[in-house]
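Contents: one structure, followed by commentary.
Chain lettering (A, B, C and D) follows the sequence in which the chains are written, and residue indices restart at 1 in each chain.
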Amino acid sequence: MGQSDIRFGLIGAGRIGKIHAETLARKVKGVTLVAIASPRGESARSLASSLGVKKVSASVEEIFADPTIDAVAICSPSSLHSQHIIAAARAGKQIFCEKPISYDLVEVDRCLEAVKTAGVILQIGFNRRFDPNLARLKKIIDNDEVGALEMLSIISRDPEPPPIKFIPTSGGMLFDMSIHDFDMAHFLFGEVEEVHTYGGVLVDAEIGKLGDIDTALTSLRFRSGALGTIQNSRRAAYGYDQRVEVFGSKGMAASENVLEDNVNLSLENGSLASKPLYFFLERYAKSFELEIAAFIQCLRNGEPSPVSGSEARQSVLIAMAAERSMREGRLVRLSEIG
Amino acid sequence: MGQSDIRFGLIGAGRIGKIHAETLARKVKGVTLVAIASPRGESARSLASSLGVKKVSASVEEIFADPTIDAVAICSPSSLHSQHIIAAARAGKQIFCEKPISYDLVEVDRCLEAVKTAGVILQIGFNRRFDPNLARLKKIIDNDEVGALEMLSIISRDPEPPPIKFIPTSGGMLFDMSIHDFDMAHFLFGEVEEVHTYGGVLVDAEIGKLGDIDTALTSLRFRSGALGTIQNSRRAAYGYDQRVEVFGSKGMAASENVLEDNVNLSLENGSLASKPLYFFLERYAKSFELEIAAFIQCLRNGEPSPVSGSEARQSVLIAMAAERSMREGRLVRLSEIG
Amino acid sequence: MGQSDIRFGLIGAGRIGKIHAETLARKVKGVTLVAIASPRGESARSLASSLGVKKVSASVEEIFADPTIDAVAICSPSSLHSQHIIAAARAGKQIFCEKPISYDLVEVDRCLEAVKTAGVILQIGFNRRFDPNLARLKKIIDNDEVGALEMLSIISRDPEPPPIKFIPTSGGMLFDMSIHDFDMAHFLFGEVEEVHTYGGVLVDAEIGKLGDIDTALTSLRFRSGALGTIQNSRRAAYGYDQRVEVFGSKGMAASENVLEDNVNLSLENGSLASKPLYFFLERYAKSFELEIAAFIQCLRNGEPSPVSGSEARQSVLIAMAAERSMREGRLVRLSEIG
Amino acid sequence: MGQSDIRFGLIGAGRIGKIHAETLARKVKGVTLVAIASPRGESARSLASSLGVKKVSASVEEIFADPTIDAVAICSPSSLHSQHIIAAARAGKQIFCEKPISYDLVEVDRCLEAVKTAGVILQIGFNRRFDPNLARLKKIIDNDEVGALEMLSIISRDPEPPPIKFIPTSGGMLFDMSIHDFDMAHFLFGEVEEVHTYGGVLVDAEIGKLGDIDTALTSLRFRSGALGTIQNSRRAAYGYDQRVEVFGSKGMAASENVLEDNVNLSLENGSLASKPLYFFLERYAKSFELEIAAFIQCLRNGEPSPVSGSEARQSVLIAMAAERSMREGRLVRLSEIG
């Protein structure tokens, strides 16, 4: 791809779509956001207008069919991701797609096949890999600063549960929320061989009635022999809790929470530090930007993305094994899944 | 028991024996340490002399037979604990005994039976319950400050492995080291129903050759439905790592490491905080003292100890379930054990 | 002023000019940056081109003469600030000007007079007032969260001295660097009555040869009776050190350093936290943006700026008193100055 | 002095007397506390009885006259220190004396003369020099870890003011409280040449009516050219605030507060760390013990104490200069004092 601007089409104008739209239109260079497709016309038009995007369409196909569009950012509902990936690949578009590809391994593999056949680049939106703190953990590992890896500890808690009506279409907590941590585990410690997952309904009984969980504890064994533990909760009274610790033969690296501010207030009852940044939009604002910048760099260099479809497939595998472990009350090997 | 001094005999003059001797002779009131029994005469005599203890004996039986002795502190090798508990109980002595009672549930139950028959008080040396930080966690829980309990997270790592020759008689890492954390789990979150344990040999292959592990990751499900995770390692390059987090519906309480000092050194590469206190003798110095004070209070009040034999039995059950889980690669319910 | 965009002209295209240009062109709404004036044509053209600014001029007068321009942002060299303020005021432009107005009180007063006569709004670039941490300190004070104010403690150290050739035109450390802290003192604790300043040349003897200092320690007494201390250094080996503590009858609020990341690396020698963000461009990035947003809001509402010329005059007064105190080795009252 | 026990007499059985009695009787080796003299017989007898001290006397002279006593610990009221030092020196006793020697420089010099004539060792109770955190700061300086010293920053605040009736006999805040910080400044940064002190009555107007202050801010210039600042308050709502920062050419070392425990409680409003240890008896418990151990080592080795009378004289000089500075509203050189 040459030095002229890469022309992007955006699929979806929801919460995440808006973030990527802003990044594409204002924050990265060498890119033009030329079109937005969304069935929600009002929202799409308003977004397009505020960012100076000229074309708005209700039809996704129009984007795929537009020969002046080089790349698409797929931010449609999760259940449409795989069909949009396949259509985009067939149209020869470069593809950035929000996670997950699909909750179904067969669908995932169909997407990977389509992408491979088309020879396009696919990147999945595991933005946390680009978070400066977590990216530094990766670098610390790669530089052997903590030595041989022995234990990974992830604590990942949302400030509050999603609206109850979101639960049935969420794919379940393990696929919707924990999957970020499964990807992080894979990103930092490599291939996972086995998992054991405990699920619980401790936050809201309504979630349980819908067949989902709101609390999870996953143990992992990596191919290297290292171990890992992931704690998830749909609610933390003290806010969005996002911590990762990497323990190895030479020491430990810990990514701590990012707080609302750095003011400590010392009063009669002790010294009060501020809460973590409110939620993922605030906590991972920078990583949403950096993942797009990385994708564009891949397009420019014609290189595969570091968050390729086959990478993303691993997190689906772990989530499936975790789900099975939880349902069947036993350790599950990933080789059982696929 | 009246207001005259309680007269103690000490069994064993090793590392832990010395600590309890010092506490009994110098740090708590209303107590006289009157005799020390140890096969290692030199060490016992030197200890007795430095503390003004008049009687030293090579024979444990002599202590049990001495009618002027009210209570004993058993600090003999672990393999002798159960026979010393039974003998002491039969002699009508009040009993403080280092952990563990035994690695064998039958033995444990024989001890509990003997203690019950004799009507004496038995306290096991799970000193960490008395650590001011961990005791405050318990209080926070009891005061409902973090609400309904949902997740317990314990990280417990030694600064370095024990001498390799200690491994064969240690009872194994789960019984020797993790058992403190199992007791802490039981102390803070109540009864454990299930465990899943991963063991690994990641620190020293020699430990593996002896059939033991040096790394463990245990998941627990409590009767209440709460979950827990315990990370253990025989070595942490940055020192003795002892952290406990209690997560509940209202928030989280975290007991952080206690450091060598509170000096931060900010140089060109960042700001360096000091390491944790070296090892358990330093880190839990206060709790060794407070557990004896609590035992004496129980004797004075004629009340059962909060760290009774049946409490201690629970930690053995968890350790046995953890061992079985690790060996068989599956979730184990405590009801399978006994 | 109506709801059409406010049209800005930028004076100066240096380091700070670029920051404000970016803010005006991209980060705040309701504003158009229509012209850039700078004697350094190359730099100005490149900046204008990257931001889509149409007009570039070598002549400041052209900006002032342009009737389509509503407001100017003055980022010229400090020695030109006062003449540019006066010219802008006479041309009826709204004025945002970088600190300082002038190092000369007569000049300052001429500016304030011109602004008053013209009836325009003037805001001086004491951006730190808009830093989220420091703004929260102000709010904590205003909310009476720390009670009656008693002691202010500011530590403000640059990571490294400026190029030595900058020193002669800098106005001196007290006017160039400490003045931010003098403004912060005034902002947080109100009017200053007296100062005592120690100056030292401890970092670089060359700075001393040029008649300047590189280390300063200022004590202040506020009109309220509260006291304050300000520590300044031109160099901190561990990076940009920017801390403020507010102590009062009910407690203390402390704004701590903002670090490069939240990763702690625990190795054999302790636990290493990252350094502070590199320098003011990084540390105060957000406040550069927020001060412009606040200025625009004042223009929209036709209200005087919270960082008005007479506010800025106070910091000059304090700096002059500090300089005199240092030179004469005595306590100086602000009423001696003017 | 040989290897037989050093025999101590204690003068005074008040709060500090009890602490030193306990240290001498129980915590250090090679020492016997043989006598306690106090006009408050009840208190002295009770103390003696609990520690097994045989001799109790109402007469200080009896202690000095007792030829079997090698050393005395003077814990009488401050106003009696100098006469007790002189009497003890004349009796040939080794002398540990609580701070201050006297508030009067003539008295101080009479004491130093008497001690010199008698050839005995005198140590003054500036216990904070032995605090592990502050002692580490000294070591960091001596090891050149922070490079050439540039700025010392001490924050020293009591949790609450002393009883109002104590004020008139306290010697004033600068002599009673700040003097510890003056000694610390001298200990860490060496000789002080000049001081400027602001005093205020911000905590309790009653203190002001008695002619004393409750808030102080002192700036210092050291002979080396380094600068220092000391903040004092008689009251901090959040507890005993004891922090020291040493800033130099290579970096900074900071001794932070020691907290009641290491538990952080994260609730809806943020994360609450515990308060500092209550007051000096808790915060400096260890240093009270270590200063006596150091004194005994000096006696054993026949070496002068590191906290000699002439060292202690420096802190009195600084306090006198600070007082004069505050009263006269000007910078004061120590050479003006004596």
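Heads up, the rule we're going with is that contacts are C-beta pairs under 8 Å (C-beta built on N, C-alpha and C of every residue); 3 or more make two chains touch, one makes a residue touch a chain.
Quick caveat: nothing in here was measured; it's all calculated off a predicted structure.
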| item | value |
| --- | --- |
| Shortest contact path, subunit A to subunit C, counted in steps | 1 |
| Winner on C-beta contact pairs when A-B is weighed against B-D | A-B |
| Maximum centroid distance from subunit C, chain identifier (CA atoms) | B |
| For subunit A paired with subunit B, centre-to-centre distance based on mean C-alpha positions, whole Å | 43 |
| Distance from the mean Cα position of subunit D to that of subunit A, given in whole angstrom | 59 |
| Centre-to-centre distance between subunit D and subunit B (centres being mean Cα positions), rounded to whole Å | 40 |
| Overlap residues in subunit A, where contacts from two or more other chains coincide | 237-238, 250-252, 266-268 |
| List of subunit B residues in touch with subunit A within their complex | 147-148, 150-151, 153, 155, 157, 196, 198, 200, 202-203, 215, 217, 219, 221, 225-229, 231, 233, 235-238, 241, 247, 249-252, 329-331 |
| Parts of subunit D lying in touch with subunit A, wherever the complex brings them together | 237-238, 266-275 |
| Subunit B-facing residues of subunit D, complex | 26, 132-133, 136-137, 140, 145-146, 250-258, 261-268 |
